[in-house]
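Two complexes, one shared chain (chain A), two partners (chain B, chain C).
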Partner chain A sequence: MSDRHVIETAGLWKRYDEVEALRGLDLQVPSGSIFGFLGKNGAGKTTTIKVLLGMARPTRGEARVFGKAPSGNDGVDVRRRTAFVSDEKDLYDYMSVAEMIAFTRSFYPRWRADLEQQYLRKFDLQPGRNIKELSRGMRTKLAMLLALCRGAELLMLDEPTSGLDPAMAEEMLQALVGHVAAQESTVFFSSHQLAEVEQIADHIAIIDRGQTVVSGALDDLRGQYRRIQLVFEGNAPEIKVHAPGTHRVRRQGRVLTVLSSSGGDAVLEELRGYRPASFEVSPVSLKDIFLESVKTED
Partner chain B sequence: MILLKPNPSSGVPIYLQLMEQVKHAIETGALKPGEQLPSIRPLAEELVINPNTVAKAYRELEHEGVIELRQGAGAFVSDKAPTQQEAERLKAAQALVAQGIQRLRDRGITDEEIRRLIEAELAGVYRSGGSR
Partner chain C sequence: MLWHKAWLETRWRFIIALLILTVMAASNVFDYLATQRLLPLVDTTVVPPAAEATGLGGMIRDAIEIQKDFRGFIWYQAFRQNLTQMGVFFAILLGCGGLLHESSKGSVLFTLSLPVTRKQLLGVRTGAGLTQLFAISMVPPLAISILAPSIGQHFTMVDALAHGICIFFVAAVFFSLASFLSTLFADIWRPLLIAIGIACAVALASVAVPQLAIFSVMNGESYFRTGSLPWAGFLTSAVIATALLYSAAETLERRDF
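For the complex of A and B:
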């Protein structure tokens, strides 16, 4: 466990009655990163977040946030230094915007009044409005303001842009990017919007059925993943590709497509002997990596 | 500033896209030697990309001698950066590329195919004879 990682888990298991929500999850979130946390519904994302916030105790394995166990005695310290925005954007409906802000502010001695004013203007939030009258977009903005002004070192966000129109989603991403640039903080967010993860994240993890299946720096992953397409004179040969990093081989008539996570060279070297008529290598988007990494329902 | 939003889904790392944009701006004269580049935070906010990515692009550009990072002052186009002369050279090269692409189009090859072929060529895929 090191200072370089704000969040670190090793072999994390969580069982709820009959369900094994996490099955040996390994996660390393570098300090100062914007970390995209990806997985299908039910992959274990929310359970992971609950464990990291100390709201659920791991069945086995270890979770550390700021080097401390969130479910132990240090949990208070972890939660003091972490701001969380839930998928539901939990707010008190009977309060006004101003009351909600004043109420939240009272819990946090490091509250940033300067940022509060700045975001009120930027997000066009009217203090007198009642929360129950706010649109989904305005609720998200208010929840985001409350998180950004706490002076937290770690921001955890569960689906921060879900249900927002593209303009408002971009505004939320911009606030996150600006926050990381100005304050020395780390952002950990789950999302189904792969394009926005590609846009602002520098590190990602893809989890599936309670385990990490892909993780690392996004630029490294972009450099490593390649799709290699070979075209043959006749039908593509039925072969096994042994090159390390081979994820999937698909034959369609004369075309053989290979997805590799270790560049294209090794695969091409191996298949050159089959004398393809032509081949090409192309980069792969995060969406392709995601779809290849998570298993579809059996 | 002339920098545009990168395409995050192209599979090309964003810092590389940014580096290309800065170099292109210098080559076309949109950015001149000695001129200042936007600092990391406003640029990250404007393009809505990760500040670490902007910092990485700047570091790499400095490493290549295209820009200079001055402590506390920001990033400046290097006096040694390729200038108008280079731009002329590239304009000539651009004409060659345009010709080549036109010939490929005449053969019925689509733009998407051309793009992939060029990327494969640059990646060195065909270096030991891809065809046959």
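For the complex of A and C:
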């Protein structure tokens, strides 16, 4: 485990009764990064976050945040340095906005009173309002305020924009990016929204069925991943591609499509032997990488 | 601030419990005069043979004898019946809920993300609950002491405090039982109903097994009859309550959310 990584997991397993939510998850989140954590529903994203915050204990393997085990005695220190926003943004219904802020503030010595006032104005939150009266969007804003003002080194956000309209989601993302730029913290956030991940993340990991299937700097991944499409005179041949970095080979009539994570040159070299009529190498989007990575085998 | 949170979560249960128990104690005080007018009309010599054979006749005569003076009436009506029965119910009600119940409302993830241990969370809630329990154990007996002069009677503060302590120790066992059950079930109803079921079972079993007569500790029978506090009962209650709270803490510590 290194100092360069705020979060590291190695061979992390988590079993709930008969369900294996995590199956050997390896993850490294660089310090100072905005890390998008992607996966289908049930892939293990929320379970990973729960393990990283000490809410669930790993069945086996290792999870470290700031080099410490969150489910052990160091869990309190991990949580003191981490701000968390859950998917549901459920807060205490019996408190007012001001009470909720005062309650949360009492646990964080590095609480940023200046940011609190700034975000109260920016998010148009009225301190006297009861939380049970707030809309989902306003609850999300309050949850974000409570996270951003903690003076935390790590922001851990589970689906931060889920259930928000596009305008409010954009407002949240801008607040997040602005905060990270000013405070030099690390952001680890899970999301289904690939567009917003592409918008703000510099590193990503895609998990599927409890395992990491893609991980790295987003620019590097965009540079490495290529779609190679070959068109043949007759039906495309049934072939097995041996070139390293080959992710998926799909045959459809005369067209053979290969997704490669190693630039595509080696794949193209190998496939030229099959004498295609034409070929095309094109860059792929994060959506393509995601869909190819988590696609269920036929 | 965890204390404040615990207070906000339980304040209505506490206030309702305090009001109901105090009103019940006060009504027992004011019932005394009416009862004194009726008691001479009861002929204790006429008891059906069947009741005499089962010992019920003796119990009826004993009950009437005890209630002929104010101290006996209050012990029989308030401490032996109302405050014991309702005290157990409200102790269970105060013990229900907590971190696992929060999971059914969704806010548990926010709570667990705070830089505190689960033992701290349980400890604060238990501390707040026991403080409330102490209040609902002490205030009704003290209300009796304060209101007694208004009907020309006397109930000492020492008697009130002694009975309040008796109620508190045994109520703490049922509070702890409910706290423990609340670490097993996320809803509030199962801990409530199971704990009430256990209390009823103990009450029935104590007729056959005198060692289980935990409610005679709670109603302060030994203090009423002999003036001595049930120290062994206090110690036993404290040990059982501590064991239940320790089990609750261990269960909560191992649980995944």
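Everything that follows uses one rule, which is that the second predicted complex is superposed on the first by the 295 of 298 C-alpha atoms of A that agree within 3 Å, B and C clash if a C-alpha of one lies under 4 Å from a C-alpha of the other, contacts with A are read in each partner's own complex, and residues count from 1 in each chain.
Please note the rule applied: a contact is a pair of C-beta atoms (placed from the backbone, for glycine too) under 8 Å apart; a residue touches a chain by one contact, two chains touch by 3 or more.
Just so we're clear, the structure is a prediction, and the values are computed from it rather than from any experiment.
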Combined model on chain A where chain B meets chain C, clash or fit: fit
First, second, both or neither for A:Thr82, with chain B first and chain C second: second
First (chain B), second (chain C), both or neither touched by A:Ser285: first
Chain B versus chain C as contact partner of A:Ala195, first or second or both or neither: first
First (chain B), second (chain C), both or neither touched by A:Ala56: second
Superposition-derived angle with apex at the Cα centre of chain A and sides reaching chain B and chain C, degrees in steps of 10: 150
Contacts of A:Val241 with chain B and chain C, given as first, second, both or neither: neither
Touching partner for A:Met95 - first (chain B), second (chain C), both, neither: second
Contacts of A:Ala69 with chain B and chain C, given as first, second, both or neither: neither
Which of chain B and chain C A:Val180 touches, first, second, both or neither: first
Contacts of A:Ser106 with chain B and chain C, given as first, second, both or neither: second
Minimum C-alpha spacing, chains overlaid - chain B and chain C, in Å: 26
Chain A to chain C touching residues, read off their complex: 16, 50, 53-57, 75-77, 79-80, 82-84, 86, 88, 90-95, 102-104, 106-108, 143
Chain B-touching residues of chain A, taken from the complex the two chains share: 32-34, 170, 173-174, 177-178, 180-182, 194-195, 198-202, 218-219, 222-223, 225, 264, 268, 275, 277-287
Chain A-facing residues of chain B, complex: 8-15, 40-41, 44-45, 48-53, 56, 116-117, 119-120, 123, 125, 130-132
Interface residues, chain C side, partner chain A - complex: 1, 4-5, 8-9, 105-107, 109-110, 112-117, 254, 256-257
